[in-house]
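Paired with chain B in one complex and with chain C in the other, chain A is shared by the two complexes that follow.
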Partner chain A sequence: MAVPRFWREIPNRYNLIGTKCGNCNTVFFPPRSVCPKCRRMGKLEPYKLRGRGKIVSYCTVHVPADGFEDAVPYVLAIVELEEGPRITAQITDCNPDSVKIGDEVEVTFRQIREESQDGLIYYGYKFKPVSNPPSEG
Partner chain B sequence: MREVAIVGVGLTKFGELWETSLRQLIVEAGLRALEDCGVDGKEIDAMYVGNMSAGQFVRQEHISSLIADHAGLVPIPCTRVEAACASGGVALRQAFIAVASGIHDIVVAGGVEKMTDTLTGQTTGALATAADQEWEAYIGSTFPALYALMARRHMHEYGTTEEQMAEVAVKNHHNACLNPYAQYRREITVEDVLNSPPVTLPLKLLDCSPITDGGACVILAPADRAREFTDTPIIIKGTGQASDALSLHDRSTLTSLRAAVHAADEAYKMAGIGPKDIDLAEVHDCFTIAEIMAIEDLGFCKKGEGGKITEEGETALDGRIPINTSGGLKGKGHPVGATGIAQTVEIVTQLRGEAGKRQVSGAEIGLAHNIGGSGGTCVVHIFQRGD
Partner chain C sequence: MDVGIVGYGVYIPQYRIKVEEIAKVWGADPEQIKRGLMVEEKSVPGPDEDTATIAVEAARAAVRRANIDPREIGAIYVGSESHPYAVKPTATIVAEAVGATPDLTAADYEFACKAGTAGIQTCMGMVEAGMIEYGMAVGADTAQSAPGDALEYTAAAGGAAFIVGRNGKRTIASIDGTYSYTTDTPDFWRREMRPYPKHGGRFTGEPAYFRHIISAAKGLLQQLKLTPEDFTYAVFHQPNGKFPLKAAKILGFSKEQVLPGLVVTKIGNTYSGSTLIGLALILDNARPGDRILAVSYGSGAGSDAFSLTVQDGINNNGDATLKVMDYVNRKEYIDYGTYAKLRRLLVR
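Up next is the complex of A and B:
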């Protein structure tokens, strides 16, 4: 992919910045330019998400997309963030067999895929299981 | 608005057709459709062709001109229509609108995809461009992955099983054995599906439709002229099309395609009938879970019972509501841009009573359900015998 296409999404991908509508308070990620509920009445501003949520669904990829060959098998999930929006992301630092719907996860920034022929290294968000609070005793 | 009939149909063989090019596929399907109804090239007013991605699959864009040229139809207008895997169904709808409006009389609706001129990895990569490139594909998503996410959620909410999904593939392979145009004419078992290599779990290789070359065409005419061309005109009684978010994560549910529900509502309303009136349907089984969601979205069973009625044989050739008598995308093959037209060819063949060993007896009304991508577009058509 050409450098500008990659570069332009960096703030959103690296910092999990979406948009929030000042009219109806709905939070969007990925960012949108128009609020589908308020349309011309909407007022969208950048909004940083906390990066915590729950797994709504997941799957285990054995036949990868181009550039993901070394990651196989990898877990892909739809995560519902605390602020409302849903996001598609890889689940990392987990045993693929123990992932469940409803699991709590938090964001982590990682390399997303292998270096491409154009020399770009793709970084972005993945999610990992929320580390368990230390148990008492 | 005028009533519109389908008077002719034509298909190529579906499969890995190493010796046949894109232009040959669509011309062959068109010639068969014209032969089928005795329409002369001079009588054709316009053409709409569904094609997802000749640009990626054979590095050829502007195929509208190419097709009009090679079909010998210059200078009639030819329009290429793109809506990912729903391109064919949307082309049919555009052709319908052209005839119903009175702008054109005799119109060809076609679909074509040449998918085996690229290597398999490139072909699946090209298909993945029907998903959101920035927020789905970027992080390693593929098409099987998107449907696997729907499947896992459907299993979670409704108790749908991998065995029930496998039953879809088993049934569709059985039907394909009875269809001379189909890519896979061999029976498979539930065990074969469950033991096939993992693609994206819970989906295995035999849960997925194949990569296919193929072309399909139908000829539309105003219903009051249909008898000039055929004794068994098939009337397009209803059409519906709807959109949804491109990305799966932006949809209100993972276990139903809302675009399919909206498109079906519109088509049923226009036809003045409901799901109970449908005798058979071709639905978009790009993955086995997609057929289960389709029969629920179309109202053939309650939400969540698609797996159960499949397992109980209600969707088999001799069942209550036969689904994918052609073999579906799974057994017949899935040349993406041609699929919506090929579904129409199957319904017309059935309603004419010409489906041979896979004929559904007494079929009067049929439905075709065609999905683009993971559900961002859906188009539904309802057809009825015109006599």
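Up next is the complex of A and C:
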């Protein structure tokens, strides 16, 4: 990934900033600029997701993508967020053997990868099992 | 002084390695080490954690606890001796991740283990001067140690963030005063581009840790005309369990005042996080009216002493974040091989 693209995506990658349609209340992540339901009637505004959801599907990766060699085995999951959007993310701080569909997870800020020993470090969201849920607010 | 703590948060990685596991590799006697250091196990950062990720988690918790709009934070200082980049601030990553950008000033601090408390003092001055509404200081580290070095039993990972603001209804603890004691003392250092620190062995005790901690504490007590009996709790930098208890004894503080904030036995020395996590642990259990002495120590060398008085704001919003003990008790043990891989002592 190029440095400029990473930089542009910092708000979404760090803070799960998506968009919400003011017309139909649908939340999108990654952010969309047009609501597919409302089209021209849609009013999309930036919207910060709370970062909680549950695993709807996952797989354990043993043959890693470039740059993830030391992370195997790791869990890639589709997480359905409370607000509706489904996103693909790594599940960290977990034992891959004990991950299940339906597990509640929360967002955490982690290194995603580094370009090289002297390159940029890409930070962003991963999810981890909810340990001791703090109350609302 | 009209400033205080309006929010705080901590983060400690979940991985732990026991003293026994390290001692086994180097043929050392674990019981002797555990007795000598009063440390049983230490925290280890996960493969995707570093000082920036630890600082962000602690900072986000502090903002939730303070229940403020992060855009009101006018300054962020991150103190560490293990910033992920040699050039490129950790503080900008934290500022972006808590949503405080772009209307603020930010910088990284370095002063061994006391860079976080130096940040608190900067924020105090800026709030008191009316330059900013709130300032956040973070102390976080993923401390490295050479394999087989005595530091390997204690060098740990963790961090804490404190938000400073003018005294008011949000105040968790008002700051009665601060005093620092600083000299040029070469007890511990790491040269540029070198992975592991060097230290002066026994030299790290008397002329370094004890001289600075005790002088800073005495200076503050004198300035505020207080005695050890005026304090409910005291927390001193925790490179191991023995040093803070000995410093307390020399100063006339009891074990009962120090043990409630002593967390090094279970997580090791979190360097810039050490004094601040100890202070957070005390605040987790404190009540309005309690007075706390907190004294950090940074090699090289200096100590910052603070007197804090707990206010009614301590009862606000306590469920918004995990407590220090939640993190201490959430753990996953690893063996030395995994530790060596996570700390990049083994690289393929």
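To be clear about the criterion, the second predicted complex is superposed on the first by the 126 of 137 C-alpha atoms of A that agree within 3 Å, B and C clash if a C-alpha of one lies under 4 Å from a C-alpha of the other, contacts with A are read in each partner's own complex, and residues count from 1 in each chain.
Note that a contact is a pair of C-beta atoms (placed from the backbone, for glycine too) under 8 Å apart; a residue touches a chain by one contact, two chains touch by 3 or more.
Owing to the predicted nature of the structure, the values given are computational and were not obtained by experimental measurement.
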Of the two partner chains, chain B (first) and chain C (second), which one does A:9 touch, if any: first, second, both, or neither?
first
Touching A:93 in the superposition: chain B (first), chain C (second), both, neither?
second
Which partner chains sit in contact with A:101 here, chain B, chain C, both or neither? Use first/second/both/neither.
first
State whether A:60 touches chain B only (first), chain C only (second), both chains, or neither.
first
Touched partner set for A:112, first chain B, second chain C, both or neither
both
Tell me the contact category for A:71 with respect to chain B and chain C: first, second, both or neither.
both
Check the residue A:131 against both partner chains and state whether it touches chain B (first), chain C (second), both, or neither.
second
By the touch definition at the top of the document, which applies to A:23: first (chain B), second (chain C), both, or neither?
neither
So chain A touches chain B in one structure and chain C in the other; where do those two contact lists coincide?
71, 112, 126
Within their complex, state which residues of chain C touch chain A.
14, 46-50, 52-53, 56-57, 60, 64, 67, 84-85, 93, 96-97, 99, 317, 319-322, 326, 330, 332, 341, 348
Touching chain A in the complex: which residues of chain B?
121, 124-125, 128, 134-142, 144-145, 148-153, 156, 197-203, 247-250, 254
Along chain A, where are the residues that touch chain C in the complex?
10, 14-15, 48, 69-71, 92-93, 108-112, 121, 123, 126, 131-132, 134-135, 137
Within their complex, chain A touches chain B through residues 9, 30, 56-68, 71, 73-74, 76-78, 85-90, 101, 112-113, 122, 124-126
